[in-house]
Amino acid sequence: MTPQSKPKSKPRRYGMVIDVDRCTGCGGCMTACAAENNVAPSDSRATARTGLTPMLVHRVTREGRTAFLPVTCMQCENETPCVTVCPQQAVELDKATGIVTQMPQRCFGCRYCMTACAYHARYFNWWDPVWPPGMERTLNPGVAVRMRGVVEKCNFCHGRLHEAEDKAAAEGLASVNPADYRPVCVEACPTRAITFGDLNEPASEVSLAAKGPEAFRLLARLGTEPKIYYSSKREWVRDLAERGPVERREARRG
Amino acid sequence: MASSALTDSRWIARGIDRSAAGPFALWLTPWFVLLALGVYAAWRCLYYGLGETNMDNRFAFGLWIFLDLAIIALGAGAFFTGFLVYLMRIKELKAVLNSAVVLGFICYSGAVAVLAIDVGQPMRAWFTFWHPNTHSMLTEVTFCISLYLAVLAFEYVPLVLKNRRLRKTTSFLVFEHHMHIVVPVLAAVGTLLSFFHQGSLGGLYGVLRGRPFAFREGFSIWPTTFFLFILSAIAVGPSFLILTTRLVEKITGKKLVPRTVFEKLGFISGLLLALYVAAKSVDTLIWLNVTSPAAGFAPWEHYAYRPYGLWLMAAEIGLFGLLPAALLLYRKTRERGVWLLTGAALACCGVMLNRFVLTVQTLALPTLAFDEFMQYMPNWQEVATFGGVVAYGVILYSISYRYLPLFPKERELAAESREEVNHVSER
Amino acid sequence: MLRPLLLFLAGLAAAQIAGWYGFPRVLYTTHAQPFEYRHKTHAVKSGSTECDGCHTLRPDGVFAGLPNTESCAACHPEAQGTTKAEATFVKDFVTTEKEVPWLVRARQPANVRFSHAIHTKRAALKCERCHGRDGETDTVRPYQQNRISGYSRDIWGQSISRLRRAPNEGMKMDDCESCHKERGFVTGCLGCHR
Amino acid sequence: MSKTRRDILALGGGLAAGIVFTPVPWKILDDASIWTQNWPWIPQPVKGPVEWKESACTMCPAGCGLKVKMAGGYVVGLSGKDGALCALGYGAHQMNFHPRRLRVVYRDGRPSTWEAAEAAFRKACEEGPVAVVDGRPSRSVSRAYQAWAAATKGMSYFVARAPEEAALVPLARLAGAPVEELAYDLEKTKLVLSLNAPLLEGWGGPQRVQRLWPELKIVQAESAKSRTGDCAWQRVSIRPGSEAALAMAVAYVLIDEKLAPATSPRPPKTAADHARDAGVELNTVLEIARALAANRPAVVIGREPEPAVAALNILLGAVGATGGVVRRGPVSGAFQSMDEMPTGLRAAILDSTVPHDHQPSGDAERFRFTAWRGEDEKGWLLPAPGFLEENPDGAGDALLKPPEGVRTLAAFLGVEVKAIESRPVAAERPLTCRLAAWPQPASSASPPADWTGPWTPAVLPPLSGKLYQESALFPAPEKGLLA
Amino acid sequence: MFPNVSGFHYTFGHVLFLSLFGLVIVTIAAAILLAMWKTRRDLRGNHTENLRWHTEFDDLPLDERCCRHELAGRVEARVCPNAFDCRDCRQYPQFAALPTHAPEHAFGLDYPPNRLYHRGHAWVERESDDVVRVGLDDLASRMVGNPDSIELPAPGTHVEANGTGWRMEKNGHEFRVLSPIDGDVLETGGRAEGWYLRLRVPHGDNQARHLLHGPEVSGWLMRELERLQIELAPAGAAPSLADGGTIVDGLMDQLPQADWDAVLGRTFIDA
């Protein structure tokens, strides 16, 4: 091994804190995500249940109050359901970055991981991707286009991570300069509701925000240790972390 | 007429009467039509992608997986009868063994065929063998099922070679003879494999900690559903054999298997079913009081959504569990053909309901506090594809029944009945 | 009993010949390069034997790949020598300002992410490690394409069995991985796939 | 079994057994799966070095600054130069290839030719009068239009005002200032009373209020549920078309409670009556009024031009005050809005920056330059350069080469465009205005009850709203996830 | 899955999984190969005829496998354990010693006592001490009547007891007649001659021990006739075939509608 190859970059744990109180549900993150990650315009036969929305903003209303929760892959860290169930190692928890990576070219489309995901954050390519003639020239070269019959999800804009790594390598840096890498949804949020960074850095903005009193995680009690945190000053929003008692929901449904 | 070259009488074993070629072809025709339809639907799914089906991102598994699980459970009769005959040495079950093997082969090959369409990229299926993730239940399933299918095929071979015409070829005859000698080994291996994949099919859902409705704690890597699936599968396997055999008897109007064998099967089925119900009840209690709350889900909320109410659980344990168990265990009912059949039918429905609940209800229930309960209805492509598999099964079974000795006792039973007739005519 | 045995063996042999000798020839199609190119000559003439003399790395770490016609035209505004190849180049590409449609044997598919920067700068690998001694050749090998997968033959490597192949032969994932293992740089899927 | 059959079996068996020990089955298996990973019919991104350019977004009048990611001569990604773009902006580069992209001349929905269009326009000019309508008057090209219009007989220059600007017209009249010079000083505002104004849905530029929103208190009085209402500090639902009523009710209370100058003229009816007209409780009105008073600087924003709103702002003292409506300028000059077009125009020729929902009044023959076809367009549709296919300023070169058969309005008119060297800096100027009598309320139109659409596309060619829906945002147009 | 394949790690899981998988495959393969190898061996050494007979014997219903001594009434009930081959039956002597009670009665059929009978309805008559004649017994020949074709082994071929003796065809039904005894064909006859084969049989006293004679024959005939009666009843055979009435010659032509395929199969023990 050559000296240049040292020092090895120390493992990172990329994560997010989404300030629900700042989300206006404008959907910028969703289109930005689709454009960045070469998600094709949805098929004419597609429905809200068969579309590809690696980043999906849920509109939640309770007793007239409204909140918008952007939901994406939670990058679970413990017993990552999708990783453990995939029969052919098409999903893995990347040791270097803590990103749960979905490899469409290894995936054979059994969709077991989708049934395993509690957040419905995984999407299946029910059709071949089709762009209007010529529009394929607007595809982002940093991300491979998925074919039909495979599962895809948020990989934290790995294309941008690669660019940042190349840059770091060219500059002779051991690891990525934090300023060079952030997923497009973070950048696309007009209210800067999303904080992104390395949770292994105790001083990083994201680590601090994640430790904040208003921070919470969705379905944390499943014990999968998601790396996407939410925060809100509103208590009823924080209640959305877990499913409340039956009665309350009964009332809400009825 | 027997002598005319048109008929296939030379392929049909001596002394057992089968309908003439014409009617047989007539019987097969509708099934071939259904098969053709199924093939067309399957082709659409492969060619245009799975958007052809009604599955969606929430219902990533649909009708196909549900029915696969169901028929594989029902097909368990194959390995279990083999196990009983060769390892438990219950010789009288030989009367249904051949039929069981064919049924098993049909169920498994059918299931595998549907799976090949169900996955989005069949051509990459072999990745599972090349880069297996040993932590995945699906890996276990894939390995065991593919191997067991091979075993079933090998168990099928001697059966085929027993055909009247083929056995005229000396080498076939001899090979059949020796295959017959090694079949117990295959049966043993088959038992091992089936044990594991029936289990891991259950494990498939038990490990989903993201789906508290299905998630179960367990022993080492295996959740309790692993063991429940094995138990339920071997419990209904024999029942399914009873049903199918009686059905064949009804259709052909022949006695194929001694009544005692049915009762034996019924008893075994009932016994295991009782065991299963007991185990399942305990498991359910633990799940309701420990596992589900620990995951942050109020125990009863899983049943708070119509139509999947508590009645499902009640039906699973009571109507399709205790009742058939009782019917099959209690001698008087067991010996009454009607009750025997009812019991067997209920048992089979029970296991199907169980597989349905685990596959469909699991996905229908919301997990996030702000997502909602969803419904799913298969479309014609899905139904037709599976119909094709059913047709394939019927066709293969009919042909096997016609040309192969599925029921070794048939000849004797026929002779007996002939004697009876004769006595009557004498009196 | 002997006759069938012999026939069986005959079949066995036939299969071996067809599989090992015939199959590779059927599997790949061969395409000639646009015109003859001599790395050696250029190295001598330009006096630079370093690959990155022409195959440069851009500051943002992206590998520029093959030099474009413009940069070649710097030395070849018109034919310098007498070779037919050069004449073709000047006539068809320099004057028309078209890029040469080289058939790149080492091209990886779109789902592969390979950073020359990381490998040549951080890991300080020599180009030869993967590309062999192409820089010293007197000719460019024709491009062989797999009929089924559409890959360049160099991805699989020349030897159909992939046994006993040169260290730089083969650019399949396993090749990348084994090299990474040797150097203790085990990356996840994300490291090399996009 | 016959001898030949046995021979065939033996040979076949040998072949079958032998092939297993050759690369054939295994290599084919491998290559077949690799084939599925690179299906020829799956589009591949363009090859070529990536480089970043700068430009401005032309999808809506806000004109956000862009960083443009380009590869192989195509735009392959966008990001905001200062702050984020909107949901539409991030997909804007795909719009050039939208199925509804206009590539040939259309007349009354039927394909036609440039020659025919030119002939028709020449004829119209002879018969006159003709109007040139511009969407963004501050560009260099606008200057060229103005000059040309001034120099040509029977030719006049109009601008299409963005709705939020149009809403200020009544105030401008009262204040006697050109509406172009008026602006909301929202960056310093503490509370906004919005009357059906879609503040968070692209109002005043897609991201303007978004950015302020976390610190800005919004009281959303709306007659149709909107996302702004969802995110507002307070949501008040009012009867459609009763913006004026609410404004007057609030004004009445302000005066009553001595929260406004006592000398101010009172609205025609009592607070209670106005509240009833608006369909809200009286004490809701009280709360609103007190909130306005308590959170100064506060301002009232109407969706439509509404004198009552202007009057209320004057009472509030929000006119000419920090965080209210301020006057900036001088701008290049006061323009006539196309809403004030005289009747009897022979023809109107519209620049591609004119939103499709702006139609010239009367039966003037219509020549509209646009990059995309709307639903049904009367008159002439003339294919214009699409996104980044012309310089946002109209002068200088563009990042993308426009397709064949596409022309700019400037080229069509044959005016030559000079880049403006220096633009006047917009300096604060005093703005004073007092209310003599309570103005006659206009019959303000409220948004339809089912109005859910984002504002940004609403001011754009209709199809962009469509594309917005087609984008991954709403896989099923009818089942909008946010709707 | 295998070492050096991407994704393989030397973890307990992988190794265990791999070895289990391998073990199972090996077991299956071993079983199949064993069967193939044995097949090959049997095909080499030619006791295939014998093997065929054994498999067919195993398929026979129990009541058709009854021991000759049961037929003779020496024992109450006994199922033959070694495929009607008394030559190497250990218990044969002690059973043969027992007294018999069965009446000798030929039911109007011609069963000369100087002949030995095989369960496949062939008889053996000794010419000299190493030459025998073999023919079709009365019941069988009456049943068949005039066969459409006969396929006899060429002189010099070796036939085996319970192996194929010769083949016949009648009304489209072809069936084989089991050879009652080991021997080499000297000459072939036909229906006209009244015998079908002349065989040179090896020396040895118990060469013919497995053949029926005396009371066994009548007991056996009794059962055969009963069986026939039952089988032919649907086709309208005389009800009292067993008692008194005899079988007309060419029964197959008389009752064409009967299921002769089955009847022949059981008569000549041909699966």
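All chains are identified by letter, namely A, B, C, D and E, in their written order; residue positions are counted from 1 within each chain.
Just so we're on the same page, a contact is a pair of C-beta atoms (placed from the backbone, for glycine too) under 8 Å apart; a residue touches a chain by one contact, two chains touch by 3 or more.
Quick caveat: nothing in here was measured; it's all calculated off a predicted structure.
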Key: For subunit A and subunit D, chains touching each   = B, C
Query = Counting only C-alpha atoms to place each centre, which chain is farthest from subunit D?
reply = E
Query = Once you count every C-beta pair in contact for both, which comes out on top, C-D or B-D?
reply = C-D
Ask   = Distance-wise, how many Å sit between the C-alpha centres of subunit C and subunit E, to the nearest whole number?
value = 73
Ask   = With chain centres defined as C-alpha means, what is the inter-centre distance between subunit B and subunit E in Å?
value = 39
Key: Whole-Å gap between the CA centroids of subunit A and subunit E   = 77
Request  = Could you tell me the distance, in whole angstrom, between the mean C-alpha positions of subunit D and subunit E?
outcome  = 97
Multi-chain contact residues (two or more partners), subunit C = 58, 60, 62, 110-111
Query = Can you list the residues of subunit D that touch 2 or more other chains?
reply = 32, 35-37, 44-45, 50
Request  = Quick one: which residues in subunit B touch 2 or more of the other chains?
outcome  = 121, 124, 127, 130-133, 135, 139, 171
Task = Could you pull out which subunit D residues touch subunit B in their complex?
result = 1, 29, 32-33, 35-36
Complex interface listing, subunit D residues touching subunit A = 36-37, 39, 41-48, 50, 69, 71-72, 74-80, 83-91, 93-94, 96-99, 200-201, 206-207, 210-211, 213-214, 227, 230-231, 235, 454, 468, 470-476, 479, 481-482
Request  = Over in the complex, which subunit B residues touch subunit A? Could you list them?
outcome  = 48-51, 55-61, 118-122, 124-125, 127-128, 130-133, 135-139, 142, 204, 207-212, 294-298, 300-301, 304, 362-363, 366-371, 374
Request  = Quick one: which bits of subunit B touch subunit E in the complex? Just the residue numbers, please.
outcome  = 2-4, 9, 13-17, 129-135, 139, 143, 147, 150-151, 154, 164, 167, 170-171, 173-179, 181-182, 185-186, 189, 192-193, 405, 408, 411-412, 415, 418-419, 421-422, 425-426
Message = Give the list of subunit A residues in touch with subunit C in this complex.
response = 1-2, 4-5, 92-97, 99, 101, 103-106, 142-145, 155, 158-159, 161-163, 165-172
